[in-house]
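Single-structure report; data block below.
Per-chain residue numbering starts at 1, and chain names A, B, C and D are given in the order in which the chains are listed.
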């Protein structure tokens, strides 16, 4: 950047963006070359990773972004987004309160699933799925991330569609397909252990794609946040148009059950 | 949805998403039909508006999303995102703290610009730019939203590129071009008033696109939040890799100036 | 502060805190003199205003802080706090998502009530209540801030208790009592207009105290946020102990009503 | 509560608050009995724990709340709070963005310190400090929570003051003093290991108090958030009065250092 380098400017050093008056470059690319030339998913990839994906990598990446945008108002994040606008919050703040909720439990499963896939891959591949699931449950949590759904049984409709697109990409040589194989091995193992289908869910399926494309585990969470922000925005906007003031979680007449001392 | 309708389920009624076990539909479209078929910008449009844009509308929309992803660590939102991860926050929370900052001043200019454009359009078009600017400054704020930049002088490189893409879209009949004309009329008026270039900035330019495509003003803010979330994520992730603990705004040795009573 | 003054340190100038290694002073007071000597409400007052209140001012101030801590899980902020911890958020982030929700509608009524009281005071006092209510409804919103409650009818139990403490403080000369008179004048006017009791609510009652004590209107919101943070923390903590994962707003079996195209 | 119990109301069951029209009870206490009778710290205690502390417990608790309100604009949370208001955010949202930042690194040290103290206590007391520090560093992180300060050397002025108040409370039989002994044992151990003073910091000192008073570890973080919210509010308000728009982390002329490809 066309200013003098100093300890103050070094404090905020970055490889992402360079600027001079009238010039903006992302990862070395002038902004005017990117606008109209790269897709939004390509731009996301460029920003977080530094290089541009080819069209086929970008297409697979885009599928993951499209798949995870929303899961309805019973998701705490979506409910929070809708309540927030009835409290008078503008869209940015409604989105903030909601994205914040994509924590370890709600939004962290994708990150954890990529970690688990990496563990299995580093152990030697799909045949180590059972062993690594055991290790995960011992060292991390009893929840196997990316599998099981309390509502979509026996199948989460997003998972087979995403996996079939990974398969197509594999045939074209876009990805290796080894994380799809790992995901399927976990599926088989869990089905056998439970004696019933334990569906791969949206986190497990997008984690296959993110792992295939070489994203680091925490980015699975970050990219999920980008994707889910779409649904969060859509619901906030719908609620803004529906109106309402201080919308609580249930119709007011239900209130809540008080279980403490000296009830009224 | 395949549950009984009740006052409780009605409390969270929505037109966005429908579900049954194994089935997810957005705006009536099964998720498996959308994945791999629609682009991420088309999915965003579908979610917030209910219909699917055609390919040319989606392409113009995509340009606005690509253009606004980042403006560097001096933007308070980006700085907040970077500081947040050094405080131990995961990416979802870093993004939340940062997106929250896209308030009336930082992220609201696009929304306000669409409002101003609508005012001029409803008044009769570009020739009313001066009159409506006066009204805006009297009734709203002295800041004309979408114009002027403290750094990019005399031109913000994003604006002419975006406007040229609107012009192309107009030639193809994708958009009417009347909001581009309004934006340019404001530009001409402000240049004349100030006696120097007052560059249309990213908010002013993306507002032209959002207005041309028929997005309501608050969505200009919401969509800016989606777009800027990309830069917020990229910077959070870069900072996570750089490391650091409790990164303050300046190198520690500078501290701050104390101007209160009884200085040490 | 014992560092050289520079443009960098001036950028973060403040009158609140001064530091040197081993020394911390707030508003000129060494921290070790404050700890154990001033109450938490006195410390709050010192930090936001710069001076220390006397014991009686602090006592009245404390009543407002105590009164507003919680209004139960149907308040969107409290619901958000509880849902947040089930998404895996630590207490700081649960509090953030929740405090964020104390926006213009949910948490801004106190700020607006102080503004309305000031309008009436500047107009000449209680006898101008009706005229200023009209002006408020014309210029601002139809909602008269600080009055009316959808649940506590005919009386919000917090208001009469707080007003009686203002009366006591007035008798002792701690406050003038003119904002209590204004609040009561609004009450009388609204009751007459509606033909039924329109109870002064927590925002209206704490606004009387904040106005009597000379707090600027936005601080009524800020102090409400401090107070309500207590309930937000208590509910987050209780929920953390109750457990739960991804707690939605209603029991899962109710889901939501879908009102869009092509229902399942 | 005077409504029918149902699965919907049970979904939000709580022991904290009970309501009926005109009646609000916290932990069984009518709100009008609490207002004017209990201090704000007592109210905080009642809300999060369910019982009321006696006056001496409340006094010691109050010292911890007073001590941690602020550490100046170089703290990321405080900087975020100040930047937020210049982005147009109201105080609630500025507080939210800032409190969110009190994560594992910035705000979690108190929680971790209480955990470490408990480990030592359960191992047998102060003489196990060294052994448990080793275990902490092996199993958790190399950072010993609550000790060391990059600025306050050799002493953080808050720690000795707080410890002396714990000692006084111990003499009166208010607390056992065993966590103060543990804190001092860690201090001695770390000084010996490093060959120089490793000052007990604010997190270490307030953790002693929270542990002495029986607060669970996560509440040390939650209570720190309440306390630091005071400084966050004070700085947000001061910045609001100073003005500024889109305040970045450094004076604009410094910008940032770009270290990526193809610099301008």
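Simple rule for what comes next: contacts are C-beta pairs under 8 Å (C-beta built on N, C-alpha and C of every residue); 3 or more make two chains touch, one makes a residue touch a chain.
Since this is a predicted model, take the numbers as computed values, not measurements.
Engineer: Give a one-word verdict, same or different, on whether subunit B and subunit D use largely identical residue numbers at their interface, taking over half shared as same.
Structural biologist: Mostly same residues: over half of the interface numbers shared.
Engineer: Considering subunit C as a copy of subunit D, what rotation angle in degrees (nearest 5) results from a C-alpha superposition of the former onto the latter?
Structural biologist: Going from subunit C to subunit D via C-alpha fit gives 180 degrees.
Engineer: Hey, how far is the Cα centre of subunit C from the one of subunit D, in Å?
Structural biologist: Subunit C and subunit D have C-alpha centres separated by 21 Å.
Engineer: How big is the gap, in whole Å, between where the Cα atoms of subunit A centre and where those of subunit C centre?
Structural biologist: Between these chains, centre-to-centre, one finds 36 Å.
Engineer: Hey, how far is the Cα centre of subunit A from the one of subunit D, in Å?
Structural biologist: 31
Engineer: So which stretches of subunit B touch two or more other chains?
Structural biologist: 8, 11-12, 14-17, 19, 23, 72-74, 79, 89, 93, 96-97, 100-104, 107-108, 151, 249-250, 253-256
Engineer: For the complex, which residues does subunit A have touching subunit C?
Structural biologist: 8, 72-77, 79-80, 83-84, 86-89, 93, 96-98, 100-108, 150-151, 245-250, 252, 255-256
Engineer: Could you please specify the touching residues of subunit D with respect to subunit A in the complex?
Structural biologist: Interface residues on subunit D, with respect to subunit A: 1-3, 5-6, 8-20, 23, 25, 27-28, 50, 89, 93, 96-97, 100, 249-250, 253-264.
Engineer: Which residues, counting only subunit C, touch subunit D once they are in their complex?
Structural biologist: Subunit C reaches subunit D through residues 7-8, 11-12, 14-17, 19, 21-24, 26, 30-32, 34-36, 38-41, 43-44, 47-48, 59, 62-63, 65-67, 69-74, 79, 82, 90-93, 95-97, 99-104, 107-108, 151-158, 160-162, 165, 218-219, 221-223, 225-226, 229-231, 233-238, 240, 250-251, 253-254.
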